[in-house]
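Worksheet: one structure, shown below.
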Amino acid sequence: MKKLFTLDRFVALFLIALSLLLSESVEYYGQELIAEITILAIFAMSLDLLVGYAGLVSLGHAAFLGIGSYATGILTVQYGWEMFPTMLISIALAGLVSALVGIFVVRLEGIFFIMITLAVSQMFHAYFLKNREFGGDDGMPGIQRLDLEAFGLTVFDPADFAKFTLIVAVLVYIGLDLLMSSPFGRYLIGIHQNENRMRSLGVPVEQYKLAIFIIAGMVAGLSGSLQAQHTGFVSPDAMFWTVSGVVLIMVIAGGTGSLVGAVVGAVIVRLLSHQISSLTEHWMLFMGLFFIAIVLFASDGIYGTFAKYCRRSRWWKSAGNSSD
Amino acid sequence: MSRKLLEVENLQAFYDLSHVLQGVSISVMEGTVLSVLGRNGAGKTTLLNSIMAVLKKREGRILYAGKEIQSLPAYKIASLGIAYVPETRGIFPSLTVKENLEIAARKSVGTTNRETWNLDRVYQLFPQLKDRAQNGGAQLSGGEQQMLSIARALMTNPDLLILDEPTEGLAPRIVQEIESFLTELKKEGLTMLLVEQNLSFATSLADQIAVLGKGQIKWVGSPQQFMKEMEIQHTWLGV
Amino acid sequence: MLKAEVLRKSYGSLLVANDVSLQLEKGERRAVIGPNGAGKTTFFNLLTGEIKADSGRVIIDGMDVSGQSSDARARAGLGRSFQKNNLFTDLSVIDNLSTASAVAARLGKVFWKPFSAFREIREDAENLAEMVNLTEVLDTPVRNLSYGHQRQLEVGLALATKPKVLMLDEPTSGMSPEETKVMLDLIISLPQSLTILIIEHDMDVVFGVTEKITVLDYGSVLIEGSVEEVRNSQVVRKRYLGDAKA
Amino acid sequence: EPVKVGMILPYSGVYAGLGKEITRAFELGLEVFGDEVNGRKIVLVQEDTEGKPNSGLSKTKKLIFSDKVDVLVGPVSSGVLAAMRDTVHNSKTPFVIANAGHDGISGAKCSPWIVRTSFSNRQVVRPMGKWMYDNGYRKVYLMAPDYAAGHQMMDHFKAGFKEAGGTIIGEEYPPLQGTKDFGPYLAKVKEAKPDALFVFFAGGPAIQFVKSFGAFGLGNTIPLAGAGWLTSPLYIKAQGEGANNIIGSANYIPSIDNAANKAYQDAFKAKHKREGSEFAVQGYDSARVIVEALKAVNGDTSDKKAFMDAIRAVTFDGPRGKMRFDSKNGNIIQNIYVYKNSKTNGVIAPSVFDVIKDVQDPSDSCTM
Amino acid sequence: MYSDPTFLVIQTLNGLQLAMLLFLLSVGLSVVFGLMNIVNLAHGTLYMFGAYFGIWVYNLTESFWAALALAPLGVMLLGMFFYEILIKKLRNAPPLQQVLVTFGLIFVGLDAVRMSWGNLATSIPKPEIFSGSVLIFGEIYPSYRLFIIGLGILVMLVLYFCLERTRVGSIIRAGVDDREMVSCLGINVDLAFFGVFCIGCYLAGLSGVVAGAVFPVEPGMDMSVLILTLIVVVVGGLGSLKGAVVGSLMIGLAETYGQVFIPEYASVTIYALMAIILLKRPGGLFPARAVQ
């Protein structure tokens, strides 16, 4: 019988508590950073659904983040919509687009899947880059934030906005954690492991891949919408392939196949590159060495390796967690 | 010319955390066949993999023709004149049947009076492979892959042939054929180390039988003795 | 229960299934034998839809599934094991089996409840493990299993799907004599209502479980008949059995 | 307590070279004009935008809210500028733009907290349209990378050129990222037989373009003109023969003949062993603007409004000639130089061909 | 004007030279990635080092040919070094780990270049004899482009003899399938891998020098070719020389004709082409490995 408090959830709880605490104590920029990283973490989790659980390594996931951002920008700035329905529509739109894309691409595997998702996202990028109506490559400024006065949160206060993003992240985590520990999640793991066998057991593999592709797209859309609100603007840059690439690296660095791993990767890589780049303009050198070191000394990723040692260690076992 | 061609002394083998072989010693005399029998999971494959250095985490001594080989890499061991037919067959799916064979082709290392193996001769032995020469390795039927694996081992013109369940998945008639041609080869002086689940095949070909159980050698003797050892058969093979 | 009508398949000039037909009644146990490369596995693949037939029809329990994909056919009731191990190699034995059990229970659309809450699935999987004699290695990742144990699991996965027609492709190959015996007994002990189609080269198994045998050769049915008929057939001996084992 | 200047520039990514160039010259400016005002030392806080709007914005927030800088200097690319603008404006932080030429900033997106010491795209290119017509070019073909700045440049040129009476006989907009080969476009241009080809390219693509232009032998048949960055002194050596005879409009070229420029170039050469570029001069002048403004307020930056007013009031004769800020939109008013490249002693270099005095950004959409 | 035959010939030549340039850029990646199954994202970095080494040698010797001869060897040495300390260990690692490591190398390489050679774009001068142009149907055409076409064909032939006509190609493919089994046949598969990796690095360096005379040489040039080369490799199919050739030709010509005939879509032509090809042929056009 699995325990309610798996290591993952334990660490997740710790991270959230820490961020909440920090969002009170750090100054303005720290709060901005918390919001930024939290949004990134949501996006990383959505990518991990594909990479870590379903084995679909996408290099075009930022397209859906971008679509979420643009939908939020266009609907509120150009059409004057309220933010709340806009967010829902942004998520739905990201889902819809990922469904349309997914139908075609989930048949592909490995590098071919990587490249076709890349191609798709580059086409979206090119579209928004050219489209003057949505600001072309200068992007679209002036995006507002969701009004949360009713909940006692002043969104223009960065601490409150950080809290808001944290709450969203927690909800996303809980939802995805449930999803991935459900039979549906188990199917995905099976598909990742051996697609053919799953098929011969009677599982319509493509449908499940499509389903997770859409879910991941929607969560990415949500993070895009949040990002647009956080930064107040959106530009085609947000959907360039390198954005997907960097987040993919974060997910791998954190450790694929667990949502917390994705979050840890996002947090550590972002914080590190922020810190190092303030110290030296050669921050890439250090980040590069850091990535290499991870593979050499923590081949399951930062969190993955940490979790492995924890599970082997005596105190974790003695706490009654024989296997989780 | 009876000398120990292969000698394994006090072999210990490990996977990650588990200690699988616990002090195995066997030896194979030149020109003879040693059959290793044992249950699923007894450690037979581990033994062969250790000899071939496919498994590197191991202790003890392994000697081939009097020379220590346990610290050599696999390709050096093989080039001493040892050929291996692994239980998973190790067919290269990216290569055609012909390429699978050609890649292995090598001259004999020792001076022997055995007839040389080449494409023609293995095709003669397994005509089916000739028909499928241009097929990809993955497109063969299970039995055909087994034939290819054996044929490929022969292409290296070995002095010692190590076979892991060579009859697995083969039709009864082919098993008989293989049995008789291995007997031929033995007569020509080829030494063999054989792991088998098919008892009748193993006993009829072998000069010596070793029984492996839970990572240790439990019994060694001739096939005739083995047939009488009901106790051994029952405890370690479950028959 | 299962009907194959004039299935045909060729690879280039090689005809691997030459209008093969076969009919299984409910509860029937049939063996398919034949020389290596005769087309037995291909025939299985044509039935399950892993390979698309050039022509011919497949009917499961009165339902024509000819145009359907392999997963649809599996849902219609075909369960199979593979000749070449086809497992979830990074998962443990129990996770392999419980995944298959979950599929059998059609749980794929359940996303709101933890998998671990389905105790019956776990029990199911444990029972299966016991049936195929893998209780000892329940938590071992499959890639760390010995080959024979993997073969046992292969059969376990096929059983886990609770099929109407169970198709086993050389289930006992690679198993020790002891395990072969266990497997034989297991197959014999399966419910009488289960239809079984089995490919084997081990004649003890073939003769032990089936009443009727279909012999394939060069992609065609060479003969189809009772155990006795096949055992005594000259052409089967010549092409397949050889002389020793008669 | 020191005066903190937040350098918000690309130190990695494609524009890293320009970010460093501007920073170097800014430091040089401080050396020359003094890095201490009324006992307050001027210190730099550098943050890397990576040339990306998102990072740029995030780092801007860091500089404003965490480092609490007194004034911002940067960025290189217009995309980053567009992303930063609202945050700077809302937080009322004095901001000196040292390169990005985004037109909007001296138009609808202008802000009392922003001045620009560099240029607006419109300012540099539009006069060149008229100039080319006046100098006998009637049919012109256009080419620029397919992004906002590229289109803006061409639109402004068109406006100036058509107003004067010229005709555009063709336009090409190759992709910004990774045009692998300009050959196909050049073949099209050649077919069209224009009086001249007017282009906007900068950095790496400019090298590639000019080299291809030379290799296809177009240099002998079709005059090539461009916005200044086409043959920037930073790249002209790598461009080889192709750069010869190109004409262009720029807010600066190294060989401008005045005392301030000579002093600047001498100082730069002494320190960096080469000529200072048009990017560098913007950093140099930005430093001077800040130092002079600080002097005007006696080093007191606590009243941000006063400090900003002082910045806007700065005027001097610099390497680019006389400069001051347009009170309407905060954009610099400066000379635009028409130059021509020619070879002397085996070295190809630009020399001033014509000067268009005191050019303003003519935009009237700024309401401050 | 598009119907003018000379115009079409010139444009086709443009396409062909781009194709050959792409071939040179991608063939090293195709060999290492397709044949050895190593996801070497740092291929672009090796290419960048090729260009910078080229500039270095050029500045010392004033000779393009010296650069062309020496720089690729330098890159090969660099590659050997990384192979020994890193890649070797990761040859059998899961692809995502290879992605992370080679991505790390990209970062390190980029900063190494910036520290050694600065940030500004520069370029390798063309060799004297190919710096001019020739007349083709009365049109001036740069002769360096013809040199690229010739060199591409030469490399193609050499590789054909090295990989397809010797056992090395089969050994590598077999080694990817089952490295242990190859060793058990008495073949030193590690050596073969090492050799092929070196060839891959050499080719990356070679393309760096050749392209350095056409493209700007700047930090970041690595990333701009990475995607391009991946596209070529994927379109052609992994690991086959034929695939690399066909992929380069398709992408090169598509890019050129796209720029000429549908300029509005020039930035996405190759992406669209790749997407269409992959949807039709999910494994590329000519994959080396038999589909299992």
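By written order: A, B, C, D and E. Residues from 1 in each chain.
As a convention for this text, contacts are C-beta pairs under 8 Å (C-beta built on N, C-alpha and C of every residue); 3 or more make two chains touch, one makes a residue touch a chain.
Small disclaimer: the values here were computed from a predicted structure and weren't measured.
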Discussion item. By that same contact rule, can you tell me which chains touch chain B and chain D alike?
Written reply: E
Worksheet item: If you walk touching chains, what's the least steps from chain C to chain D?
Response: 2
Worksheet entry | Of B-E and A-E, whichever chain pair has more C-beta contact pairs | A-E
Item to complete: Calculate how many whole Å lie between the centre of chain B and the centre of chain C, each centre taken as the average of the chain's C-alpha atoms.
Response: 29
Practice prompt. Using mean C-alpha positions as chain centres, tell me how far chain A is from chain C in Å, no decimals.
Written response: 42
Item to complete: Averaged over CA atoms, how far is the centre of chain D from the centre of chain E? Could you give it in whole Å?
Response: 35
Worksheet item: Measuring from the mean C-alpha position of chain C to the mean C-alpha position of chain E, what distance in angstrom results?
Response: 47
Discussion item. Can you list every residue of chain D that touches 2 or more other chains, as numbers and ranges?
Written reply: 12, 16, 20, 146, 175-176
Worksheet item: Listing for chain B: what residues touch at least two other chains?
Response: 139
Response to the item:
Contacts with two or more other chains occur in chain A at residues 126, 129, 284
Item to complete: Could you please write down every pair of chains that are in touch?
Response: A-C, A-D, A-E, B-C, B-E, D-E
Worksheet item: Where on chain E does chain D make contact in their complex?
Response: 1, 4, 7, 10-11, 14-15, 17-18, 21-22, 110-111, 114, 118-123, 125-126, 131, 133, 140-142, 144-145, 214-221, 224, 228, 255-256, 259-260, 263, 266-267
Worksheet item: What residues of chain D sit close enough to touch chain A in their complex?
Response: 11-12, 16, 20, 46-48, 52-54, 57-58, 61-62, 65-66, 78-79, 82-83, 85-87, 102, 104, 146-148, 151, 175-176
Worksheet entry | Interfacial residue positions of chain D with respect to chain E in the complex | 12-14, 16-17, 19-20, 146, 172-181, 183-185, 187-188, 191-192, 203-205, 207-208, 211-212, 215-217, 234-235, 237-240
Worksheet item: What residues on chain A touch chain C, complex-wise?
Response: 1-2, 178-179, 181-187, 189-190, 193-194, 196-205, 208, 323
Practice prompt. Flag every residue of chain B that touches chain C in the complex, lowest number first.
Written response: 15-16, 38-42, 45, 87-88, 128, 132, 139-144, 146-147, 165, 168-177, 197, 199, 237-239
